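Have a look at the structure below before the remarks.
Chains here go by letter, A, B, C and D, matching the order in which they are written, and residues are numbered from 1 within each.
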Amino acid sequence: MIIQDRMTVTSQQQIAHNIFEMKLNGKLVGEITSPGQFVHIRVSDSFEPLLRRPISIASIDQDAGEMTIIYRAEGRGTTILSQRRAGDEVDVLGPLGNGFPVEETATGETAILIGGGIGVPPLYELSKQLTAKGVKCTHVLGFQSKDAVFYEEEFSKLGETHIVTVDGSRGTAGFVTTVMEELGNEFSTYYSCGPMPMLEAIEKMYAGKKGFLSFEQRMGCGIGACFACVCQTTEGSEKAYIKVCSDGPVFPAGVVAI
Amino acid sequence: MIIQDRMTVTSQQQIAHNIFEMKLNGKLVGEITSPGQFVHIRVSDSFEPLLRRPISIASIDQDAGEMTIIYRAEGRGTTILSQRRAGDEVDVLGPLGNGFPVEETATGETAILIGGGIGVPPLYELSKQLTAKGVKCTHVLGFQSKDAVFYEEEFSKLGETHIVTVDGSRGTAGFVTTVMEELGNEFSTYYSCGPMPMLEAIEKMYAGKKGFLSFEQRMGCGIGACFACVCQTTEGSEKAYIKVCSDGPVFPAGVVAI
Amino acid sequence: MNRLSIELPGLSLKNPIMPASGCFGFGKEYGQLYDLSLLGAIMIKSTTLEMRLGNPTPRVAETASGMLNAIGLQNPGLKGVLEGELPWLEQFDVPIIANVAGTETADYVEVAKMISQAPNVKALELNISCPNVKCGGITFGTDPEIAKELTRAVKEVSSVPVYVKLSPNVTTIVEIAQAVEAGGADGITMINTLIGMRLDQKTGRPVIANGTGGLSGPAVKPVAIRMVYEVSKAVNIPIIGMGGVTEVADIIDFMSAGASAVAVGTANFVNPFVCPQIIEQLPAKLDELGINHISELIGRSHRL
Amino acid sequence: MNRLSIELPGLSLKNPIMPASGCFGFGKEYGQLYDLSLLGAIMIKSTTLEMRLGNPTPRVAETASGMLNAIGLQNPGLKGVLEGELPWLEQFDVPIIANVAGTETADYVEVAKMISQAPNVKALELNISCPNVKCGGITFGTDPEIAKELTRAVKEVSSVPVYVKLSPNVTTIVEIAQAVEAGGADGITMINTLIGMRLDQKTGRPVIANGTGGLSGPAVKPVAIRMVYEVSKAVNIPIIGMGGVTEVADIIDFMSAGASAVAVGTANFVNPFVCPQIIEQLPAKLDELGINHISELIGRSHRL
C-alpha cells in the first residue's frame, strides 16, 4: 500500500562526487514489495521547491525498518535533501510503482545487471534478492569518471562486477556496452536502469533476450493521476501511452518505444 | 556604513511565549551608530519567503562583536528564523535607519522609555546607553499577558521598571498609559517604540514634551530606494512623505501624522 | 448543523473543498489513499469526445513556487469515461463535476449532453480555457461573444447546471465572466493556468516538449485571488475558486475574495492528503476567526 | 574583447545587466553600497510631470516566491528629477534609461521631451503598463491603437531612442508589441507586474491599501519568459527582458528567450548586491556553456 510517512534520517553520507547515500527509517519500509520501486520525496516543508523528487529504493533492511537511497545532489531539490542530517524527518510517499521481477530468473540461472550513473542504486537491492535466491549475478556499472563511482565493493561481494568509466579513469574505458560485448549472451535475464541512450543500446544488443528496463520521466503526482510521466509504447502494444510512475518504472524489454 | 554580512548565530533562546532572543556575531556590529537602528534579515537562502524581515537591534556588545535581536516568531519568515541554531549563518543587511538620539538627554536628566510588545527590544540598548552616561531612566513596558513578558530583570537593573499587561496577569492591568498617568510629567525626554495606537496615545498624553518615537511599516528594500515604507508627515512638515527605513524609524514627536 | 455545507446550483456540498480537474485523474489513484466520500465534490479530468493521447513528454516542469504542465488533455474519451471511470465513482457519496473540453462547439455539445446524464454527474465544468491544446480551447476562453454562444449551446443540452471555467490569460476577465453569465452559465470556476515557459539552461530550448505550459501552484494565487475578487463583484452567479491552494488559510482567502467553494489542484501532488486535511482543519479555523458557518466568509473582502 | 558588451539603440552597454525601474530609486541608495559604474545601465524610477505622493500604505505584501507592490508612482516630478536626481548620476560611467509615466498623452510628451535632453539619459522607457495608477497608465498598455499613438507622439519629441514597457495583463502581448513597433518604438522592455491581490487572514480585507498590487519576483518568471519568447519572434526591435531575475542562470534564460539585455527588479531588495554579483559571474557561466560572446545567447530558444 502507498503511504505518506515522515521518515527519520538515520544516516547521510557522501559516497562519491555529488553522490549521497541516505538511510531512512519508518513504517513505509514494511510496504515495499519489490526492488526497483521508488519513493517520492518532499525535500523540505516549504512549497519551494514545490514538487516531490522521485528516487529509487537502493536497499531494504526489513528487520531494522530501514531503507537506503542513493542520489545525486545536482539541482535545487536534491541539494536541499543532501543538507538533511541524521535525526531530521523527511516526508516520503511510497513505495511507488512496479519494480524488477525477481521471480523471472530461476534459482541457478544467471542474470546480468547493467546500471548507468544514478541508475545503479536500484540494482543493488535487486542483486541482493537475486543472489539470495541462488541466481548468479554479473554487474556492469557505468559512470562518468572514477570520482563518480560508488558501491563497487558492495556489488563485488554479490558477484562479478565490471566498472566502466567514460574517461577510463577507473575500470574499462568507454560505455557499458563495451564490457557487455565481451561478456556475451550466456545469461537468462538482463535487468537495467540508466539513461535512455544506454537502455536503447542494451535493448538492441540483447534483442530477443528476456530483459527488464527501468525508465525515468518527469513526474507530477507519482501515483498515476496526472498523466505527466507517460511514455509511448511500441506499436504492438494495446495501450498507446503508459505511465512510468504507476505502470512502471520497470517494463519488460520491448514495451516502451525508445 | 550599511553592509551585508553573513553573521554567525552564537545563541538562540526562547525567552517568552513565541519570543526569541538571538545573538549574532559579525563585522556589521562595528557599524552600528545608535540604539534603535535595525537590521534587515534574510531568513533563509531560498527565495521563499522572498523578502527580508526588519528587526531592531536590542543590544550591542562591541568588544565581542555581537548584537542581540529579540523577535516574535509569528509568520512564516520569523518562524524559519527561530529554527536557526548556534553555528548557523544568517544573511543580515544593516545597520539601517536612524535610531534614538541619546544626546538629546543630558547627564543627570531623567528619561522615560515606553515600549509595547515587540517594540520593547530597541529600548534596552537605548537604556543601557542613557544610564551609562548618567541619565535616570524609568521604563514602562506593556505586554499582552504574563506569558509574553521578557527582559523585566534586565530593565530593572538599569532603572525603575513598570510592567503592564492587558489582562493584568503580571504587573499593572491595562495599558502603558495607565502607569504613565501615575508617573506624571516630571522628566526631560520620552522615547517610545510600539504599536501605532500606543504611539498615538503617548504623543497625545505628552503633548509639548520632547519625545522620540520609533515607527513600523511594511518594507521592500529597507534602504530607501523603493518607497514602500513611507508614512505621512504632519501638515507643518516640508516633506509630505518620509521613509521609515532611511529617514526613520525614529522620528521626533509631532513629525509623523498618526 | 453542518458548519461547512454549501448549496450551489446542482451541488449539495458537505464542504466546499474539491480536487481540481486534471489534478486528480478520475479519482481511482487518490481513492487508494483515502475515502473519497470525505470530499465536497470531485472535478474529474477534462473529457473530450474522442480519446486523446495528449502531448509529448516532458509534460511538466518546476518553477518558483509553481509548476508548468502541458498534458494536452490526455483522456480516454467520452465513451471511456462513461463506461470505464464514472461507474466506479458511484460507490462514493460525492457529487462529480464533469469537465468538458473540445475543439469546436459540436464536440462540447455532444460530450455535455451525454456526460450530464450520468447518474453521479451533478454539474458540468466547461473548459474554455485550457492553454495546452493548439486549436480551439483557448480561443473560446478569450473572446466574450464566442464564450457566450458556447455556454448557451451547452446549456441547451445539459441535464445538469453548467459552470464555465475561465482563463486568466485575458485583459479583462470580468468581460468574459459577464458574457458566460449572459449565456446562461449557472456558475463560474476560475482560474485555469497562466501561460508560461521554462527553458533548459544548457540548450536554451523549452523544457516542456509543447513549448509553453500552464502555470499553477502557490505562485499564481495572488492573480487568482484578484480575479475572483473582481469577477465576484461583477456577476450574480457563484464562483468555485482555485489557483495555488495548499493549506486551510488559502480556503479562507478564496472565500473571502468571493468564491463559494474552492478547488485544490497542484497541491495534491505535493501532499496527496491535502483535501481531507484541509476539510478536517476548517472547523478550528472558523472558530479562530469567530465565524459560525463557512458561508459567512463568502465575499468578506467586499464588505467594509 | 569585452565578452559582455551589447549595443542597443542609444545604449552602449558594457554588460547587459541593469536594475529595473522602481526597484533602484534614482541610484543614490545602492550607490552607497557599490560603484554604479559597474552596471550596464540604470532604469530610474518612473517620472511624471508633477511630483506624485503615491498610494497610501501598506504598499507592499509578500506572496509565494513573489511580492505585490502598489507604490503608485511616487516621484519628485520632472523638475525634481532633472534638478535633484540626474545630475548626481553623472559622476558614473553608466547610461541612464529614464522611465516616463503619465495619465494622458500630453504628460508623457512633456516629460519625454525634457528628460530626453538630460546629458546622461541615453534612452527613454515609456511606462504604459503600471497597474497601480487609477486613471490612464494601464489603458495605454492594453489597447494597441492607443499604445501606438502614444509611442508615435513620444518619438516625435524625444532626443533619444524610445523603449516601450509592456504590461503582461493582456490577452495577446504580441499585438501590443507590434503596435508600438509600428508606432516607431526603438525597443521593448517587458514585463511590468501582473495584477494580483493578497487578503488579510483575520479581516479578509486586501493587505495593500490600494486593493490590488503588481506581482513581481521569481513567481512571475515563467510568464515573463513566455512573453519575451513570443514577442521576440514577432518584432524586429530589441527587448530588454525582466521578471523574477535573481541569479546568473536567469540572465541566460531571458537572453535565450530573445532578450538582448536584462533588468533586475525585486531581487535588489533581497540581495542588494545582486546586479554586480551577476555581472561578475557571467563570464564563468559563458565558459560553462561554451559560449564566447554573450550576444550569441540572444534568441537561442528559437533556433533548432
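Operating definition for what follows: a residue touches a chain if its C-beta (ideal position, glycine included) is under 8 Å from a C-beta of that chain, and two chains touch if they have at least 3 such contacts.
Computed from a predicted structure; not experimentally measured.
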Fill in: Set of chains whose contacts include both chain D and chain B
A, C
Worksheet entry | From chain D, the most remote chain by mean C-alpha position | A
Discussion item. Using Cα averages as centroids, what's the distance between chain A and chain B in whole Å?
Written reply: 55
Worksheet, complete the sentence: Per the C-alpha means, the centres of chain C and chain D lie apart by a whole-Å value of 34
Practice prompt. With chain centres taken as the means of their Cα atoms, state the distance from chain A to chain D in Å.
Written response: 47
Worksheet, complete the sentence: Separation of the C-alpha centres, chain A versus chain C, in whole Å, is 36
Fill in: Residues of chain B engaged with two or more neighbouring chains
47-48
Worksheet item: If you look at chain C, which of its residues touch at least two other chains?
Response: 63-66, 217-218
Discussion item. Which label fits the chain touch graph of this model best, line, ring, star, complete or other?
Written reply: complete
Worksheet item: Which chain C residues qualify as touching chain D in the complex?
Response: 63-66, 68, 142, 169-171, 194-199, 201-206, 212-213, 215, 217-223, 225-226, 229, 244, 249, 252-253, 256-257, 289, 297, 300-301
Fill in: For the chain A and chain C complex, residues of the former touching the latter
1-2, 4, 42, 47-52, 77, 93, 217-231, 240-241, 246
Item to complete: Going by the contact rule at the top, pick out the chain C residues touching chain B in the complex.
Response: 64-65
Practice prompt. Mind listing the chain B positions that touch chain A in their complex?
Written response: 46-48
Worksheet item: For chain C, which residues count as touching chain A in their complex?
Response: 22-25, 28-30, 32-33, 45, 53-54, 57-67, 69, 71, 74, 217-218, 246, 266, 268-273
